[in-house]
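I've put the structures underneath this note.
Two complexes come next, and they have one chain in common, chain A, joined by chain B in the first and chain C in the second.
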Partner chain A sequence: MTPYGSFTFFFIIAILLAPTIILGLRGKRFHTYNMLATIAALGLIFSSSLNQALALILFTIWQVLLIRLYIHYRKQSNSNAIFYTAVFLSILPLAISKLLPYFSDINVIGFLGISYLTFKGTQIIMEIRDGLIKKEPPLAKLLYFILFFPTISSGPIDRYRRFEKELETEISGNDYKQFLYDGINKIFLGFLYKYIIGYSINHFFIANLRFIAHSQFQHHLYYMYAYSLYLFFDFAGYSAFAIGVSYIMGIKSPENFNKPFISRNIKDFWNRWHLSLSFWFRDYVYMRFVFWMTKKKWIKNRNIVSNLGYILLFLIMGFWHGLEIQYILYGIYHALLMVLYNSFERFNKKHKWWPNNKFTHVAAIIITFHFICFGFYIFSGQLFQKGV
Partner chain B sequence: MEFKNEVIALLAEICQDDVVKENPDIDLFTSGLLDSFGTVELLVQAEERFNILIPITEFDRESWNTPNNIANLLADRR
Partner chain C sequence: MFAKFKAFIVNQKLKWFGRFVYYLLILLLLFFMYGFNDASAGSYIYNDF
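After this line comes the complex of A and B, so read on.
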């Protein structure tokens, strides 16, 4: 069953979480029950495909073993080669699942959410390397973090240390009222976004485009803006469900969106769109790369280092979305925008060419909006579809 | 106190703005003075100048947000 995909799903989750709510309102600890509820919910989500359920179990065992082995090793030693091997092995299942469809008809390794769960495993390996996760995570907590059902299919991508801290925080009955209130609020925002606004854009506008548009160009132009809005409302709606259900279970999953369409520039956009993903790439790819380059002093020019970091980040992000041409181009497009914006920002710091006032602020938002929409247009794959 | 001034001087260098000296409680990230690149420079410099090692993943923008907070957090790790 697709998470948040049908009324039945919400109905079953409501029943499943009724004990959570009762325990929470009474100020009792409920995480043990929530772990059991997660197993039940996973059973529900993966019931339709035994193959995927098996792949999920194998994937989880693989990640847990890798984390345990690496933390044991890290207590004694800290070699680069072992660290890179551990990161490679942690990404390996995802890489195989993306490549396999090109070689075989059946995908035995992939399952719903593998892209998102991989981030959680890799991130733990990196924080063990940095010495931030020193103690071996208790098995139950580690499994709960990886498999936490509200966010299993498409995030938001949480961080282990944050998640564990929240598991240990006592929530009084009074505190829980706020969790519950916020959770329900978010879920209803999700209904508005995904099932009213997103659905309407898709059903009434995009599906009828061939009657609305008078030319090929118009068709593509309308599609570009409509798809961008649809993508936002659909994904922000999904995220609101995932975050809302997390809150009801006493976990404040990180936010994924912060009004992306009022971004002033492309950098600002990546601080507002799919935050848990872009922050992951910022912290674990871009910053690590820049740090490494700055320390080794291989390249003296700071701007080249920064630009190479952006290119690396967005290329990986493109490949992560999928190996189809539109995703790779989407990555290249955003890398290019970041590099250009970076140069512009430097130029402007010196020459003060673009003043900072209300008028230029609005103008910047409008310009950025069109660039963002063109990016989503590439992402949609509409460019490469024949016979539209 | 001297250490604090050194940190703030370093921040002024990285942000290329003396406002961090005038207003050491300014939020460096919401004001756009510091970004990911500047953060990395700060971490590299902290290691080279003060011999304080801070992993990238330890730096979060909620607690390491103002010149004063950064100076205090660095001082704790000396």
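After this line comes the complex of A and C, so read on.
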């Protein structure tokens, strides 16, 4: 069963979380019950595919073993080679599951949410390396973090230290009322986004584009804007459901969106769109790359290092979406935009060519919006489809 | 005048009423769009990644 994919799912989750709500309102601890509810919900989600369920179990054992072995090793030593090997082994199942469909019809490794679970596992290994996680995470907490069902299929990607801190925080009955209120609000927002607006855009507009558009160009132009909005309402709707259910379970999962279509520039956009993913890439790819290059002193120019970091980040992000041409081009497109904006920002700091006032602010939002939509148009793959 | 308007806007009862209408509208729209059938709003795009 797809998480948040049907009303039946919500109905079952409401029943499953009824004890959580009762315990929460009485100010009693509910995380032990929530762990059991997570097992039941995972059973429900993966009940239709034994293959996927088995892959999930094996993957979780793999990640937990890696984390445990690496933290034991890290207490005694800190070799680069072992760290890179641990990161490689953590990413390996995801890489195989992404590559396997190109060579075989059966993907025995992949399962719903493998990417997001990998991000969580790899993140823990990197934070162990940095000395941010020093104590071995208790097995129950580690499993609960990795398998936390509200965010299992598409994030938001939480951080272990934040998650653990929230697990340890006592929530009084009064505090829980706010959690519940916020959670219900988010779930209703999810219904509005996914089931009403997103569905309407897709069903009434995109599906009927051949009757609405009068030329090929018009078709592509309308598709570009409609798909961009559809993608936002689809994904923001999912995120609102995931965050809402997390709140009801007493965990404030991080936000994934912050009004991305009012971004003033491409940098601002990546601080508003798919936040948990872009922050993950920023912290564990871009920052590490910049730090590494600065330490090695191979390139002394900071701007070149920063631009190379952006190129690396967006290329990896593109490849992560898939090996199809549209995803790779999407990555290259955003890398280019970022590098160009970086150069423009430096030029403008010196020459004050683009003043900062209300008019330029609105103009910047409009320009950025069109660049973003073109990016989503590439991402959609419509550009490479024949016979449209 | 402005103070009165501000007091009206921040009024808790009005907020609750606004929230109630917002929830009701969403529920009504869901009912009109899907009736008593289970949802068929399609899979999530990002579930594929």
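In this section, the second predicted complex is superposed on the first by the 388 of 388 C-alpha atoms of A that agree within 3 Å, B and C clash if a C-alpha of one lies under 4 Å from a C-alpha of the other, contacts with A are read in each partner's own complex, and residues count from 1 in each chain.
In this text, contacts are C-beta pairs under 8 Å (C-beta built on N, C-alpha and C of every residue); 3 or more make two chains touch, one makes a residue touch a chain.
Just so you know, these numbers come straight off a predicted model, no measurement behind them.
Of the two partner chains placed around the shared chain by superposition, neither chain B nor chain C is touched by A:P150. By the touch criterion stated above, A:G198 is placed in contact with chain C alone, chain B being left untouched.
Of the two partner chains placed by superposition, A:G24 touches none, neither chain B nor chain C.
Contacts of A:Y238 after superposition on the shared chain: chain C is touched, whereas chain B is not.
After overlaying the two complexes on the shared chain, residue contacts for A:E127 are found with chain B alone; chain C is out of touch.
Of the two partner chains, neither chain B nor chain C is touched by A:P254. The partner of chain A that touches more of its residues, comparing chain B with chain C, is C. After overlaying the two complexes on the shared chain, residue contacts for A:S115 are found with chain C alone; chain B is out of touch.
Of the two partner chains, chain B is the only one touched by A:R282; chain C is not. No residue of chain A is contacted both by chain B in one complex and by chain C in the other. Across the complex, chain C meets chain A through its residues 22-23, 26, 29-30, 33-34, 38-39, 41-47, 49. Looking at the complex, you find that chain A touches chain B at residues 126-127, 130-132, 267, 282-284, 286-288, 290-291, 294-295, 302, 306, 309, 349.
Remark: chain B residues 16, 35-37, 39-41, 43-44, 55-58 touch chain A in the complex.
The touching residues of chain A, when paired with chain C in their complex, are 2, 4-8, 112, 115, 153-155, 188, 191-192, 194-196, 198-199, 202, 231, 234-235, 238, 320-322.
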